[in-house]
Structures are given as structure tokens and as C-alpha cells.
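In what comes next, chain A is part of two complexes: it sits with chain B in the first one and with chain C in the second one.
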Partner chain A sequence: MRVLKLRKKDLKKMLEKISSFGELWAPVKKGDKFAFQKIDNLNDVDPNAGRTILPLKKFMVPPRFSMFRYDKDGYHEQLGEVTDRVVFGAHACDINGLLILDKVFAEEFSDPYYIERRKRTAIIGVSCVPDEFCFCKETNTDTVDEGYDLFFSELGDDFLVWVGSSKGDDMVRAAEELFDENISVKDIQKFIEWKKWRETQFKMDIDLTAMPDIFELKIDDKVWEKIGEKCLACGSCSMVCPTCNCFNVTDTVALGKMEGTRDRCWDACTLHEYSLVAGGHNFRGSRADRMKLWYTHKLQAFIGEFGKPSCVGCGRCITTCPVDINVKTVAKTLRGEEVYFK
Partner chain B sequence: MNEGLCADIKLANDFQPDMMRIVRKYNLTDDVRFFQVRPMEEQKALTLCYNPGQFMMVSRLGVGEAPFSISSTPSRPGLLEFCIREVGQVTQSIFRLNENDSIGVRGPYGNGFPMERLKGRDLVITMGGLGAAPLRSLILYALDNRDDFGEIYLLHGAKKPGEMLFKTEFFDMIERKDVNTMLTVDADDTGKWPAKVGLVTTLFKDIKQIDPANTFAAICGPPVMYKFVIQELLKLKIPKNQILLSLERRMKCGIGKCGHCVVKHIYTCMDGPVFSYWDVINMKELIY
Partner chain C sequence: MANQLPRVGIYGLTGCAGDQLTIINCEDEILALFGAADIRSFVMAKSDNTEDEMDVAFVEGSVSTEEDLSMLKDIRKRSKILIAIGGCASCGGPQSGRALEKNWKDRIKQVYGNTKFEIPDAKEHQPLSAHVKVDGVIPGCPIDKGEFLRAVSRIVNGDMPIAYKYPVCVECKYNENECLLLKGIPCIGPLTAAGCDSVCVNHNIPCVGCRGPVIEANVASEYKLLLEKKFSKEDIVNRAMMFGGVKMAELLENLKGAKK
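Take a look at the complex of A and B:
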């Protein structure tokens, strides 16, 4: 992989030079949280931003969009408004989340809506320092080797820039004079030291050892009832989780016409209507069963048998659930520890 | 994005319904209607291929989409057949269609029955209610390729005579020597039912000529049926991994994307809808 250096003070210049690659988006402070927003003033870009409220999936799968416009002749594909974008400030866990979405959406029966947006969204990752809710080390998603175009690692007054794709290479070439090819032994040392230090910054106490087995052993356990009773079925956890990909499809009719759209919007398995089948039988009528599905997917086996759980340790469920149901409390409960939900 | 992953994926839109023409429709029962459709594009009609047990997503403009089993057999090309029960918005709107109207269809999806593995085997096919939809495809296929299979038993149960799907077709099969067709109703409210009366489970005692180790069973019907029919098949000593069930889940995409049909780590739409009893035995949620 091509690796270069960029002086931190040249970041703005660099972003300016690559403006032809698309609209720039980056995390911007919103109250006490961050959210990805379109950047009009480069001074708003903060490479040290914390986790964003919504993960990168909102760029690849908008919360709601039209897949088709239809009229009397049939269905006409609508890719929708897909603009070229450069997303700066993606963290390793979130890029790992994208790699999981790539598996779902870009492999068998590839999803053209996802792929079009994925192709046209350049991802610039930045290294981050975990806060008290991050546990990506436990899920092996604290680093990432693919899925981005450029990745900026901390290096004192510089960034170490990893070029992950040909688009990334083009972006570097568009600002060639700002990059330095010479990475010294001292730089490498500095990089290693920083990585070591970062390892020591994980504070979250979570133990996911043998989780898949524990799930198998506890799948009929009463703890699920307890968790289910607490859940408000608000769906927030699914909205914020980088690897939740469920959607619903509905048709909208233009009043009085044989015309309309087929729309797709985010859905959550934690909502009641989710698994109703014909005749009104609901296979997962109880909240306990719906919680079980969500957490089995995150911590035991990823649907489609990709061989590993789909939680990337971003901590969003922890900062979001109003009643404290999250990967940490569920894992604890399953381990037999007493947990108090709100 | 990363090279390799998306660069060479062709951009065919798997969500795009193809327009098909309704060639024929008639009522099978009070609330179940038979539809025969043909792709508008001749090339599509000629190249349609699918497996018994697969399903298609059927669309009504402005109303929505739902999965339906293919009832026809791939051994009779050019046409697709469905039997559809009127239960909700999409199905009601399909019921309003007439011959020569157009309808959106995409697929086929799902695994379908493992036809290669079924070759050379004895078959015990048990259906109830709408379960006749996917299993008619299997039975017609087996009869069109009769030499590929051993003994064939067809067991079909309905609540009452008026509710049996494809009655005429199945009564014709009773006449055939190369298939053992047994039809039964739970109760005969007409007084003129010429076949058996009793639950479908009472038919199993008449299955005599199968070699259980070399037999595949296929079941599809209302949820209550599975448990009792499986017990009978186990009594016949048919191995658990040779008992095949076709299952239903809510489906919004049919292609492993929307998540609606997921049970544990299984996508019913891609890994199913046909599962073996062994697959589902430890997955409480797959059958009740």
C-alpha cells in the first residue's frame, strides 16, 4: 500500500485541492454530539471529532428514497439523487461496518442503489482515540485495512496517509505537492508508540469471550424476557447501528393517477410489525424474541454466515438506548451478572 | 471504494419487476385464484427457468409486492402459474385483474427443492391448504420426468371438499398407476365426496412400498400440519435430513437484503424457503 505523510496544518489546503472529487462531508459538533454534515467552511472540519450520531450507512442507504417511478408502462429505475461525495473523518469501526454492509449489499444479488452510492462516496478515514463507550478492540475492528480510499493516522504534527484505492491515489495526486513520500525510521517509531498508547486508552469493561457459545446455551433463558420487558420498541438502536441494514418497501400513489413511486425506508426488527406473516401470525410477537434476534445477529452469528458477529464496537447502542439495553448490558446479563436496566 | 469488490459487478437491477401478461385466471376455491402469466418479452418467456419450490415477487403498481410460490413446472416452459389467496392489499389488488392485464413479476428466488438429490428416490409429498402451490410444481415435475424417480406418494388434505386446490387435477392423478394419490377432507359437508374423510395424518398407514432410507418427503401446508405430519414421517423411518419443508416468512425483498425473513443467521428467502427437518430442528422459530 502506498503510504505518505501530510502535515496537519496542510489538511485544509489538501481538502480544498480535492474539492473536485465531490461535496465534502465531515463530523460537526451538534450539542454534545457529532453528526456528519456537509461542510461549507473548512474551519468546521475537526479531525479529532468523536463518534457521530448516525454511522456511514446513511450515505450508502439513505433513510428513505425512491427505487422506482412507475406509470402504466411499468417500473422505471430511479437511482435517486446520487452526488459525488467525500466523507472525511470516518473511524475504523465505522469503515469495518461498511465492509459488513458491502457483504450484504454488494455480493449475491447486488443492490444497485447501494453500489452507486458506495462508488460515488470517497471515504477518508482518520485514526481516533476511544472514549468510555468504545470497545472496538474487543470486536477486532479497531483497525481497518480496506474499504476506504484514504486513511489518516495520527503522527504528531503530521498524518500518516494510507492510500487504499485508485480514487484515493487520484486524490493524493490532486494535491501531490502537500504530501511527503519520505517516511523516516523516527516516524515509524512514533506511529508504533502512538498505537501502543491508543491500546491503553480502552476503558470499557466488556467481555465477549465465547459469546457465540453463550448464546447457544442461553437461547431459551429467562433473561430474554427481562430484557424484552424493558425494551420500548422505539427502534433507535437499529437506526444508529452501523451494521443494521433492514428496510421496508412501500408504494406511494400520486393522487388520482396511475403513477407513483416504490420507496424504500429504514426498518427495525425491534418494531412490532416487522415479522408478521399472512394471517396475522407474528413469529416474533414478543419483545423478548425480537431482542433475541437483534443480539444474536450482533453477537453470535451474522446472518448470511459470514463467520463472525456483526458488532463493530462503536458504542452507539450504549449512548442511544433510553433504557440501557445494549451490547454491554446484554453480554453481562448473559454471563449471569446482575444488570440493572433503567 | 476498494477495487475488486464493486468494480466488476454488473448493474442489473434485481429489484426491477418484469412486466408479464395474465393469460388465464380462474377460481380454485372461494378465496384462492389460479393465475397463469407469460413474460411480455418473448426472449424472457423462452428462457424462463426455475426450480420447483422457488418463488417470485409479484408486484401491483401502487400497492406493493409479495412473494408467491411458483405452481407450474419448469418442464412445461414459457408460462408461470400461481395460486393466490386473497388476504390483504396486494392480493386483493391482484384479484381485481383480468386476463390480458399486465402484472410485475421478478425472480425466481429461493433455493427450491434439491432436484438433483431427489433423483432416483422415492417421494412422499404431503400438502394441505395453500401448500399445494409449491408442491404442485414438484409433483408435476416428477411426473413429467417419471423415470427419474422411484415410488411417488401424494397426500393432500383439505378442511372440506370446497377448499381443496387443484381438485380436478388431483382426481385425475388417482387414475394414474404411476403415482399413489390419496385425497382426504377433515369433514365432508357435501355428502358427495368420493375420496377419504379424516385428517391427512390418517393416510400414512397406507404408505407401503417405500424404502425409507432412500425416500425424500416434502411437506407444505398450514403451520399446524407440520408437527403431526413430521411425526408420521419419522414413524416411517425417513431420515430427518430427507424430510423437506417449505416455510413462510414475511419478505420484502426476496434477495437477502431487507432482513425481514431472517431467523437467527438464516435468510429464509435465500437459504430457504425449503429446509430439511434437520436444519430446523433446533431453530424453534422456524416452525412452531
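Take a look at the complex of A and C:
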């Protein structure tokens, strides 16, 4: 892997030089939070931005999009409308989330809509400092070795830039004069020191040890009923989760015309209609069953299938659920550490 | 329906007529609408109306008088499909905001005293479904014209309008809004059926529930949450009842402490 140095004060220049790679998107303040937004003014780019309301999945699987148009002559793919984008400011947890989506959408059952957008979206990661809701260390997603094109690590007045793909290499070459190939021993020491300091910044009290076993032991526990009583079934946890990937498909027929679009939107197993089948039976009609499914999927079943949890510790469920149901409170309750759901 | 255009009637009971107005305001699409359906009755839009059998009737407004009721029953009898449009027809509307209190006669006396009414037999405002079978609902105050046109298109093609069985929060997240509830603002998006594209929250205004309660609305949990956020029982109930009408009253009725 190619590793280079970039002076922090040259970041804007660098982003300007790579503008031909696509629209630049980065986290920008939205109210008290951040959201990945299209950047028109490079001064808006903030490498220290906190977690965004929605994760990177919105780039690869937009919340709503048309898959194709159809008329009496057949159907017409709308993949040509996918634009080239450069997303700056992705955190390690979110890139790990993308790696999970890659498994779901780009391996055994490949999804052309995902793959096209993934291919056309350059990811520039940035190292971050955890806040009180981050627990990526507990899910082993606090660092990332693949899935990005470039990754910028903190190095005092510089960034240490890891080149993760040939597109990343092309981007570096487009701004070659801004990068320094010489990484000194001092730089390496500085990098290690910062990494060690970052490790000390995780504040959240959470323990996910042996979660799959704990789920097995607690699968019939009454606590799920309590969680179901509290759950608003608003689906927000699923919408903001970097690894939730379920979707619904609907047809919209133009009024009075022989044409229409086939549209896709995010759906979630936490919503009432998700498990409703023809004939009116709902396999998970109760919120308790749906909550149980969601958490066992994240912290137990996915491990069985893919060897790691489908939770990347980003903290979004914690900062999003209005009634405080999230990986932290559920894990704590199942462990009997603290009773959140009395 | 395949060879001839579906016969459509658009009617209004007690309400502000805002839903019919929304249909008339479909300026760019109104020709397509009149081209896709044989609109036989639409008093607000035309004068030569024919009242006979309809394939589809769209009815706005609440049932608030005996006259409303007999009109509704007549429409039901001669229509294959009956669609409630707007908040009044689907939930009872703001006029049923006191439905939880149940004391219709006392309330009307309190406001009007012994006034003799020109309109006979005013009654507690009810959604259409309290009196007749309703096949589909296009909720909202007023209805969204895009949703209405999509619904017409679906019906013309032999399908029913989409019923939104998830709350506004889903669309609110599609739009990447900050959660207003988390900021301590009494938003009832979690209790309210989606389909509006979270238009109010997109403009930083909390959801007032104009599309009526979503299936499985967890009123008890949101009520508790708002109490924890220091809102009074009265404020919470008033907010939920502003547009939730009879449908919300049914949910609140079982809630300990919410009823006066």
C-alpha cells in the first residue's frame, strides 16, 4: 500500500485538484448534527466533523430511487443517471459498514444499482476521535484496511494518506506535487502515539463479549416484551444504521399513459408491514418480535453467517432512538448490568 | 374498465373543501385526469353533473349532519369503490377534536345555546368509516396532489391507492432531518401515517398528525415520552387530537390518564 503525507493546509488545494473525479460531498452541519452534503464551497469541508445523521449507505443505495422506466416498448435502465462522486470525511466505522453492504449487495447476489454507485463513488476516509456514543472499538471497527480509495490519518500538521485503490492512486497523481513520499521515523512515532491516545478516548461503558451466547440464553426473556412496549415502531434505528439494507419496490404508473417507473425505497424489519404476507398473516406482527429480530440479526445471526457482527459501533441508534432503545441499552439489559426496561 | 373510462364522482360533505380544491389545483395534470377518467360528478369543477352509478367515488369531509349521512349512504350505494379523501373523511377532522370527551350535546349547547339551526340534526363529527364501508383512504390536510394523482392512476389500472403503514419518521429519515422529538419539540411523527414526505419537519415544524394515526401507533409510549419531556397531559392530548379526530380518540381512550 502506498502511504504519503499531505500538509493539512493543502487539503483544500488537493480537493480542488481532484474535482474532475466527481462531485465533492462531505459532512456539513445540519442543525446540531452533521449530514453528508454536496460541497459548493471548499471552506465548508471540515475534516473534524462528527457522525452524520445518515451513514454512507445513502450514496450506494439512496433512500428512494427509480430503478428503471417502462413503457410499451420495454424497460429502460436508469443507471446512466448515476453521477461520479467523491465523498470526503468517511469514518472507519462507516467504511466498515460499507464492507458489510459489499457482502450483501456485491457478492453472491449482485445488485447492479449498488455496484454502479459504489464504483462511481470515491471514498476518502478520515481518522476521527470518538465521542461519548462511539463504541467501534468494541465491534472491532475502529480501524479499516480496505473499502476506501484514500484514508487520511491524523499526523499533527499533516495527514498520513493511505492509498487504498487504483482510483485513490489516480487522485494522488492528480495532485502529486502536494504529497510527500518521505515518511520519517518521527512521523511513524507520532502516528503510533496518536493511535494510542485515540484508544484512550473511548468513553462508553459497553461490553459486547459473548453477545451471541447471551442472545441464545435470553431469547425467550420477558424483557423483549418490555422493549416492544416502549418501541415507537418508527423505523428510525434501521434507517440510520450503516448496515441495514432492506428495501421495498413499488410501481408508479403515469396517469393516462402506458408508462411508469419501478421505484425502490428503504424498508425495515422494524416496521409493521415488513413481515406481512399475502393472505394477511404477519410473521412478526408484534414490536417485541421485531425488536428481537433486529438485535439478534445485528449481534448474533450475522456473526454466524459472516464471522462478525453487523453492528459497526457508530452510535447512531443511540443518538437517534427517541425512546432510548439501542445497542447499548439492549446489551446492558440482556447482560443484567442495568435495568433500562423495567 | 379496460375499454371505457371509469366513471368517477368527487363529493364533499362537511369540511373546508380543501381537498376538492387541491384536485382542481392540479393545473398541469388536470387534462390527464379528465382524460383518464370520466368525471361525471364534481360540483366544484363543473355544472353538468350526472348522479348515477359510479366506478369510483372520492368523498371529502366528515359526516356531521343527517344530510351528510344520507348523501354518503346514497354515494356508497351507487359506487363500486369509495375512497375517503382528506383528514375529515378519514379521521373526522379538526371538528372532531373533542371527540374524546364524548359530550356532544353539552358541547353544542355550550357554544350555540338554544339557537335553532337551519341545518337539521347536526351530530358528532365522524369519519366516513363510522357509517359505511370505505375501500381506500387518501389522508392528509389537505391531500397531496401527487398522492391523489398516483392513487387515481392505480385505481384506473385496477389497483388500490397505497396505504402508508409506516410513520412519518421513515420519510423524515429519508430526508435526513434532525429528530425534533429528540430536541424536545412535541412532534407526533411517530404516531402519524407517512406519505407526506415529512413536509413539515423538512421545514423544521413538528408533525401535527394531519394524516391521522398510523397502524400500530404506539400512543402510550409517545405519551409517556412527552410527559417525561415536561409537556402537560392537556397539551399532549390537544396536539394528538388536533387532526387525529375520532381515530386518535379511539387510541387515547384506552390510555390511562389521558382522558379528562
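In this text, the second predicted complex is superposed on the first by the 332 of 342 C-alpha atoms of A that agree within 3 Å, B and C clash if a C-alpha of one lies under 4 Å from a C-alpha of the other, contacts with A are read in each partner's own complex, and residues count from 1 in each chain.
One rule holds for everything that comes next: a contact is a pair of C-beta atoms (placed from the backbone, for glycine too) under 8 Å apart; a residue touches a chain by one contact, two chains touch by 3 or more.
Note that the coordinates shown come from a computational prediction; the quantities given were computed from them, not determined experimentally.
Residue contacts after overlaying the shared chain place A:Gly74 against chain B, while chain C stays out of touching range.
Using the contact criterion defined above for the overlaid structures, shared-chain residue A:Ala106 touches chain B, although it does not reach chain C.
Contact with neither chain B nor chain C is seen for A:Leu299 once the two complexes are overlaid on the shared chain.
By the touch criterion defined above, A:Ile18 lies against neither chain B nor chain C after alignment on the C-alpha atoms of chain A. Of the two partner chains, neither chain B nor chain C is touched by A:Met211. Of the two partner chains placed by superposition, only chain C is touched by A:Arg64; chain B is not. Looking at the shared chain after the overlay, A:Val45 reaches neither chain B nor chain C.
Once chain A of one complex is fitted onto chain A of the other, the partner contacts of A:Thr250 extend to both chain B and chain C. Where the contact sets of chain A with chain B and with chain C meet, they give residues 250, 252-253.
Residues of chain A that touch chain B in their complex: 67-68, 70, 72-75, 77, 102, 104-106, 108-113, 115-116, 118-119, 121, 123, 146-149, 164-167, 219-220, 245-253, 258, 260, 262, 267, 269, 274-279, 281, 283-284, 289, 293, 296-297, 300-305. Partner chain C is touched in their complex by these residues of chain A: 30-33, 35, 53-54, 58, 63-64, 229-236, 239-240, 250, 252-257, 265-266, 268, 271-273, 287, 319-320, 322-323. On chain C, the positions that touch chain A within their shared complex are 29, 32-33, 35-36, 149-150, 152-154, 156-157, 162, 165-167, 169-170, 172-179, 181-183, 189-190, 215-216, 218, 220-222, 225. Put simply, chain B touches chain A in their complex at residues 1-3, 5-6, 9, 11-17, 19, 59, 61-65, 85, 87-88, 102, 104, 223, 248-250, 252-253, 255-260, 262-267, 270, 284-285.
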